[in-house]
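The structure appears right after this line, and notes come after that.
When the chains are written out, they are named A, B, C, D and E in that same order, and each has its own residue count from 1.
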Amino acid sequence: MFPFNLNPTGEFFAFFALAVCAITGAVMALSLAKVVHTALSLAFTFVSLAGLFILLGAEFVAFVQVLIYVGAVTILMIFGIMMTKHRDEERERGRPLLETLAAVFCLCLFGILFFAIRSAGFPVPETALPADNTTEIGTLLFTKYAVPFELVSVLLTAAFIGAVALAKREEEPA
Amino acid sequence: MIVFHTLTWSDAWYLAPELALVGFALALAVLDLMLPDRVNRDWIGWGTLLGLAVAALFVSWHICDLRRSELAGEPAVRDLLYGSYLIDDFGNLLKLAFLGATALIVLASLGTIRKDEIPIKGEFYYLVLPAVTGAMMMASSGDLITLFVGLELLGVSSYALVGARKRSGLAGEAAFKYVVTGGTASAFILYGMSFLYGVTGSTGLAGISRGLEQAVADYRALVYVAFFLMIVGFALKLALAPFHAWAPDVYEGAPTPVTSFLAVVAKGAAFAMLYRIFVRTVFLADAEAAALREDVSLALAALAAAAIAVGTAGALRQRNAKRLLALSGVANAGILLVPLALDTTILHASFFPEFLYYLLAYAFMNVGAFAVLTVVSRASGKEELSAFAGLYHRAPWTAGAMTVLLCSLAGLPVTGGFFGKLFILFGTVQTKAYWLGAFMLAATAVSYYVYFKIIRQMYMRAGAEEPAVRVPVPAGIVIWLCAAATLALGVLPRPVLDWIDGLFSIGADMLTG
Amino acid sequence: MPDNVPILSFIVLIPLAGALMLLLLPKDRGRLARISAIVFTGLSLLFAVWLYADYQPAFGGAKYEERAAWLSIPLNLEAGLRDQGVVSYRLAFDYHLGVDGISLPLVLLTGAVSLMAALGSVHIRKRRKAYYALLLLLQTGMYGVFLARDAGLFFIFFELTLIPMFFLIGIWGDYGREKAANRFLVYNGLGSAVMLLAFLLLVATLGFRADETADGTILTYSGNYDVMLANLSDPNAAANAGGALSFTGGLKWSVFVLLLVAFGIKVPIFPLHAWMLRVHAEAPPPVVMIHAGVLLKMGVYGLIRFAGFLLPAQLEAAAPAIAALGVINVLYGAILACVQKEFKLVLAYSSISHMGIVLLGLASLSEIGFAGALFQSVSHGLISALLFLVVGSLQERTGTTRLTELGGLARSLPFTSGILLTAGLAALGLPGLSGFVGELLAFLGLFATMRWPTVLGVLGVLLAAVYVLRSVLAIAYGPLPARFAGLKEARFTEALPMVALTGLIVLLGVYPSLLTDLMEHGFAGLLRELQTRAGG
Amino acid sequence: MSMLASYLTLAAVLFCIGLYGVLTKRNAVVVLLCIELMLGAVNLNLIAFAKYGVVPSLAGQIFSLFAITVAAAEAAVGIAVLIVLYRSRATVNVDEYDRLGR
Amino acid sequence: MRTVFSQYAWLAPLFPLAAFVVLTELNRSLKRTGAFIAIVASLASLALSLLIAFERIGTGAEDYSGGFAWLTIGSVTLSAGFEVTNLTALMLVIVSLVAFLVNLYSLGYMRDDERKSVFYAYLSLFACSMLGLVLADNLLLLYIGWELVGVCSFLLIGFWFHKPEARAAAKKAFIVTRVGDLGLLIAILLLFRYMPGHALDFVSLHNVFDSQAGVISTSITTAIALLLFLGAVGKSGQFPLHVWLPDAMEGPTPVSALIHAATMVAAGVFLVARTYDIFEASAVALDTVAYIGAFTALLAATAALKQNDIKRVLAYSTVSQLGYMMLALGSGSWTAAVFHLFTHAFFKALLFLGAGNVIHALHTQDLRQMGGLGRRMKTTAWTFGAGVLALSGVPPLAGFWSKDAVLAAAFERHPLLFAAGIVTACFTALYMARLFILAFWGRPRGDAALAARAKEAPAVMTAPLLVLAALSVAAGFVQTPFGSWLGAWLSGEAIPEQAESVPVMAASAAAGLLGLYLGWLLYGKGAPKGGGAGQTRPWPWLVRLIEREYYLNEAYGYLFVKPLQGLGRALRLFDGAVVGGAGRLAAGAVQALGRLNSRLLSGQLQTYGLAAVIAAVVLMLAIAGRRF
């Protein structure tokens, strides 16, 4: 069974290309030996996702995605990689049982999800999103979602304080 | 164009407890930066306590306020910004519980945590405040987004708290495990939420509830997937077996007050969120969604049973007191889950009082037990069960209090633990979930063995010529407060339950907004 | 007696007050602790005796009943009940004490054995304050069990005996004390758990009551025993219960079996006896006095009180099975008692055997059999208490209770040996001593309905002679090992409880009406139920 | 016929790959990254539902914004924790983090 | 006629009871006077018994009974009371008389024993229980007395508790008789079940079984009778439960005289006589009684032939004579049985007390160590001789008349029974002759020095002998075939003269005399000098069989003791492995779950994750999957 409905529109081709990119990035990330390569490969996936977001009419989210994921998270990770030493991957011995079981059950999980997605016949929605959704998002964030928005600021502060408190070096007591 | 309301100053009043906590957190953070190093950071701790007290005051005020409205015949619920924040008795009661438990934990840690162990003592204290804020959000929101952000606020703050013993490699390991597990759990919960949003088109619980009937009809599999992904996520967060494996490691590595916080407040908050989502969406559903409700109940019941069994059996083999209490927490999480897994019928609708009462009892006995553990492990430098050896000789009053707490954990009368279990058990009997009741009871019998292992250490082993255990005054107060409260909850449960019953009503507090 | 004296509460709470008072004593005042414990125990016993003197079987115990609302937990009304005019919906457990012809003998037994155990604790020297405090706490639990008239209260008192026993075994026991304490705890904990489930089922069914008042309907789930009894005999109770669980046959059977298991662990009924062997062997003798003397009887009492009175139909139908279990208990215990090398284990198995006779009495479903079961309970309580008093005395002097190492003690300890012999004779059912009466009544009762089980039970009496004589004679008779030549005879404080218990055993053996008259109307309710069933 | 199923399937694929990575990758940084991948997959889900869902709304996009922010915060704390851990353990191999429970 | 003393019959057991209580309570302070208290008490009982008996003789006095409700439960009342009939009056006299004499005798026999007061306490308790048993008006009370005498017997057999043999004998006596007691108990249960109004008193039993045939079915009646008889078998040492009685000789000799010869062992006979109506209602039961009695008589008489312990010979003789009584009962003549009981009580007590004198003098019970005592202990020898003759059934001594009554009854019943009786009579005379000759004739064979110092016992020990000897000689005349006064008095019916039984009398006398003659031939005249008799014994296996008492003890060992021990051991294994094992298994299951949990908690984060994912998939498939 071929999972995709072949409906050769522009969106479809764009989707297909981006999906291939995203999956490739993800798979590469898992199979590459060097950690830096993994991080970069995942950044590639995140960029592809941003592309998909644009395809889905979420330009602002795509922008944020690139900004935060590619810009912040991946850089953070690379900092992390640089601050810690990484042994060469080839010295690692495999854990076949863990890997096999993980693969099998992740596939199972995917199977369940896939079944559920396929079994749902989604109608084409009658209403469409507003074209200028960035403004709309801004409005919503400050009105309907003001509470979580304020909360996220607290969260970021807490995360910031926590991260700094943890990561800063303490002078060893005598 | 729909006109949206935004926050007003009057809304700020409703957010007063949370704002107070955040305000205190920021103020203390600034204070911590400005104070010179030589100043004892216990002051920050007292500040934290003050913040908690102020927040509790506001919550109490809200409770009175709601009560007044109720008596006046007005709706006893305040709905902020389309359900993204709810002031109702469900939330208020839980908030009080979280604040109280946190205050006890902070109080107990004053004088017991040491700078050489936790270098970031200041942060350690005031990071508790955003964590509690997160927990309160989880108890008090009718919107998936707010709930999720609350969950993450609690999570992110506690990741840092777990790692506070920076020099110990164990703390780092625990924190890392907690980050990975917490992150994965969040991903699962969020994934489930995304499907729920997708099939109902709303992130508000009220909207989801309205749309669920249709969604079940149209996309049954997706609705199932949504709920089960969330169940898996919550099972991870709540450490229900077999999703619990991280809990003993994290509890062991974390500083004991944080362990206590994770076991009580973090767990309670996750339960609050579970209640918010599940009760509002599926639990009172019927017709098309009835089968869904049954299945979700069954899944929760199965998880509860597994948690009770595995937690109890696992605790049998533990020699480390903290890991033992962690596994006991797994079992207790199972018990706390039971009321939610029971049918709601005309004669049985008391799931929330059942849950809340046991949560209160659990909070007291756990906070107390962890406080004793802190004191004891400080004196003997280890967290093994043998740290308790001869405690009866070394600190008789503490041993006495610990005995009360352990009896309560084991569910012996007349303690809060006993009564809470009895109440939940009666629910299982009323709804004919006999197997679940039997499971609880069998596990209770086994748990006698578990908890009496510590009692045996305290009374039947020689003190190894160790000196008397010095109990810091705040910790002593907490220990005795917890023991006394545990006894009081067992002997006179009525005032508390009458109070809860007087305030709480399913219709107003769980189904509006 | 003035009518307003809450005598039952006094009986139950005096030991508790004593325990609390002991906690306030300084640690090193062991002697004072002992004396005050004896005083408090005696005081409780005094009230029990007063109750006995005042109690008139014809009027029952209504006069002494004490009832106070205790737990009254609101249940959520919202799921539609309010619309049906319900104004109050609660789960209620009362502080409700009462006495009748079934509990009074056991209360007296508790008082007597407790006092003797307290007196007999002379050999306890370690941590005396704690010891006596726990002993007093244990008494509160035991009295409470026998006097409670509310399932919840009963359960709480039942559990209350668990904790002190755990400590008493685990701290003051022999070498394997901790293991014994653990096993005691786990088995009894399991029993309690099963009992709790059964009780909750009873509360949810028999305990449900709908009272119409001017304001509206009041729905109550009650643990109150009287409510349950009233509902049981009220044919409309099921209809009144509305949406509550109906007490169907299957549910009744489940409750019955659960109760049988729960109390069967305590009694103990084969094959649930494994725990009590170690307790007998490892616990300090005065504690075993209470354990074998009173705690096992809580199981019997529970069986009668709940499985019997509340489920007469099931009791009737299960009578053959109970008789079979009784026979197994009698023979199994007796045969195993014949091959034990440790005297305490002989006594442990002998307890199993004797409790089998209690089961036989219960299985008879007749008044005489019930009276026999109860009498046998009391009698076995006194006899095993006496035996363990002697065991304690012997153990203190010889350092062993192994049959192969003892012998000829009648020469160096003539008094103690004489008491041992008397107790042994009482245990093997010698007429003139109390053991005989219980056995006789149980057999007389059972024989009317079940002939062969009775005969097999009687065979157990023969085996009792074998194991009692085998062990008692091995201790008291024969040549005296040289190392036991200089033993000192029991002191007055030790001899006093021995003589007192022997006196009670003889008194009950010679004039059993002292107890049986009390029971006169005790079983009336159950018998009426059984008869109406037989009639209809 | 909408593209929704395709987007959802892609999200599921990415989610499962991320999960697989969390379960099997030795390097702690990669594990953290894989969690981010899982969250990213969820974002795709949310945004796809925002456009093609039963009731298209911006709530999905806003939800994903929050999710992205939260994920970033989590990543920051995660890396901080990792650094603390690395200081005392000198390894980033997840399977060597097994001193607890010993 | 109004009976005066009968009303106070209940006092008879109370005198010794009072003595018992006083002696037990004041054990230490009453070293010397204790004995006198007991003797006075027994004398008081004796006096009262005699008054009661004399009051009843000849007047045809009505039976007197009185009592009270002992235990009332619901509609059932168990009463306790006493009943004085002629039979009980006779028994009262026998018991209190022998008890008094033995009490007196013990004054000398137990003089040097430090636990003398304990001994007297036990004796008093026994007297109380035995008198209670006799006076009991119902079976339950009789059972109580029955058990109590058993206990006293046990206590007195084990009086010298430090001897392992005494310990073993006491235990054996108690347990073996208890087997019989169970029969009695079950019989009581049956009667309680089937008697109208749950009555257990003898009057009701008489009414039910004597007249109203059919109230209780025959099979039940037979069962009751056989079970009652089982009780009697145990107490009266009938085959196959007689094995305890020879061993019981480990007790002090006065005890053997009182308990194991004259009174307690006769309780079985008394029981059957008291409940004779039940036996008469069942032919099977009567036959069983007769044949068991006859067999026991023969078996024990043969066993007595080869015993070397003087008391064991007498013990087997007692068993044999009790068998006679049973034979009489089974043959339908309970009066003959009671008559034999009456005479036997005197001469057997006499013989035991005589043997006691011998033992007292020589400090041995072994016949092979005796000899020639006749010259040194004249009173003992003469009185003992009278006892021997009486037991051997030499006319006109008491034993002859009673034995003749028994044989006459047996003759009427069945020739086989009669033959057994005659042979037994012959053997009886034979072993008594052997005993007497070995003990009193010839010259000392044992420790010469001891034999030289042997002298006659003090007067307090010989006086009872004289009284008993006189009774042994004369007591038989109360009932002869020419005037059966006793039988008439006991049964309340006139018994015709039985002149036709002269051949029986002749056969009986001849058998006795033949036995005596054989005895003289074998042990007196023809006794091999130097003790080398062993080589010429015919049928060595038979002799060994008799010497070893038919291997019954061994047989019981293999039949009951060993299997019980084996069963016990097997059950001990079962208890440990299965019952304990089930608990361990349950605990093990929980532990296994705990172990599984520990395996999971390896510290490996990704294992945790994997477990969670597996669980998630399983949960979804198992619970949600059902719906699809």
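Convention: a contact is a pair of C-beta atoms (placed from the backbone, for glycine too) under 8 Å apart; a residue touches a chain by one contact, two chains touch by 3 or more.
These numbers were taken from a predicted model, which means no experiment stands behind them.
J.: When you check each chain against subunit A and subunit C, which touch both of them?
T.: Touching subunit A and subunit C alike, sorted by label: B, E.
J.: What is the identifier of the chain with the smallest separation between its Cα mean and the overall Cα mean?
T.: C
J.: Average the CA atoms of each chain to get its centre, and name the chain whose centre is farthest from that of subunit C.
T.: So the farthest one, by centre of C-alpha atoms, is A.
J.: As a test of understanding: of all chains, whose mean C-alpha position lies farthest from that of subunit E?
T.: A
J.: Please tell me the distance, in whole Å, between the geometric centres of subunit A and subunit E computed from their C-alpha atoms.
T.: Distance between chain centres, rounded to whole Å: 100 Å.
J.: If you average the CA atoms of subunit B and of subunit E, how far apart do the two points sit, in angstrom?
T.: So the centre of subunit B lies 79 Å away from the centre of subunit E.
J.: Could you please state the distance in Å, as a whole number, between where the Cα atoms of subunit A are centred and where those of subunit B are centred?
T.: A distance of 30 Å separates the two centres.
J.: Averaged over CA atoms, how far is the centre of subunit D from the centre of subunit E? Could you give it in whole Å?
T.: Each chain reduced to its C-alpha mean, subunit D and subunit E end up 95 Å apart.
J.: Would you pick out the residues of subunit E that each touch at least 2 other chains?
T.: In subunit E, residues 601, 603, 605-607, 609-610, 613-614, 616, 620, 628 touch at least two other chains, as defined above.
J.: At which residue positions does subunit C touch at least two other chains?
T.: 186, in rising order.
J.: Quick check: what residues of subunit B touch more than one other chain, meaning two or more?
T.: As it turns out, subunit B has residues touching two or more other chains at 145, 148-149, 152, 156, 159-160, 163, 166-167, 175-177, 180, 184, 199, 218, 220-221, 224-225, 248-249, 446.
J.: According to the definition of touch, which chains form touching pairs?
T.: Final set of chain pairs in contact is A-B, A-D, A-E, B-C, B-D, B-E, C-E, D-E.
J.: Spell out the residues on subunit D that touch subunit B in their complex, using ranges where they run on.
T.: 8, 15, 18-19, 22, 28, 31-32, 35, 38-39, 41-42, 45-46, 48-49, 53-57, 59-60, 62-63, 66-67, 70, 73-74, 77-78, 80-82, 84-89, 97, 99-101
J.: Would you tell me which residues of subunit E are touching subunit D in their complex?
T.: Checking each residue of subunit E against subunit D gives 601-606, 609-610, 613.
J.: Any idea which subunit D residues touch subunit A in the complex?
T.: 1-10, 12-21, 23-27, 29-30, 32-34, 36-37, 40, 43-44, 47-48, 50-59, 61-62, 64-66, 68-77, 79-84, 86, 90-93, 95
J.: Along subunit C, where are the residues that touch subunit B in the complex?
T.: Touch residues, subunit C against subunit B: 71-81, 91, 152, 155-156, 159-160, 162-163, 166-167, 170-171, 177-178, 181-182, 185-186, 189-190, 192-194, 196-197, 200-201, 203-204, 221, 243-245.
J.: Under the stated contact criterion, what part of subunit A meets subunit B in this complex?
T.: For this pair, the touching residues of subunit A are 112-113, 115-117, 119-121, 139-140, 142-148, 150-152, 154-155, 157-159, 161-163, 165-166, 170, 173.
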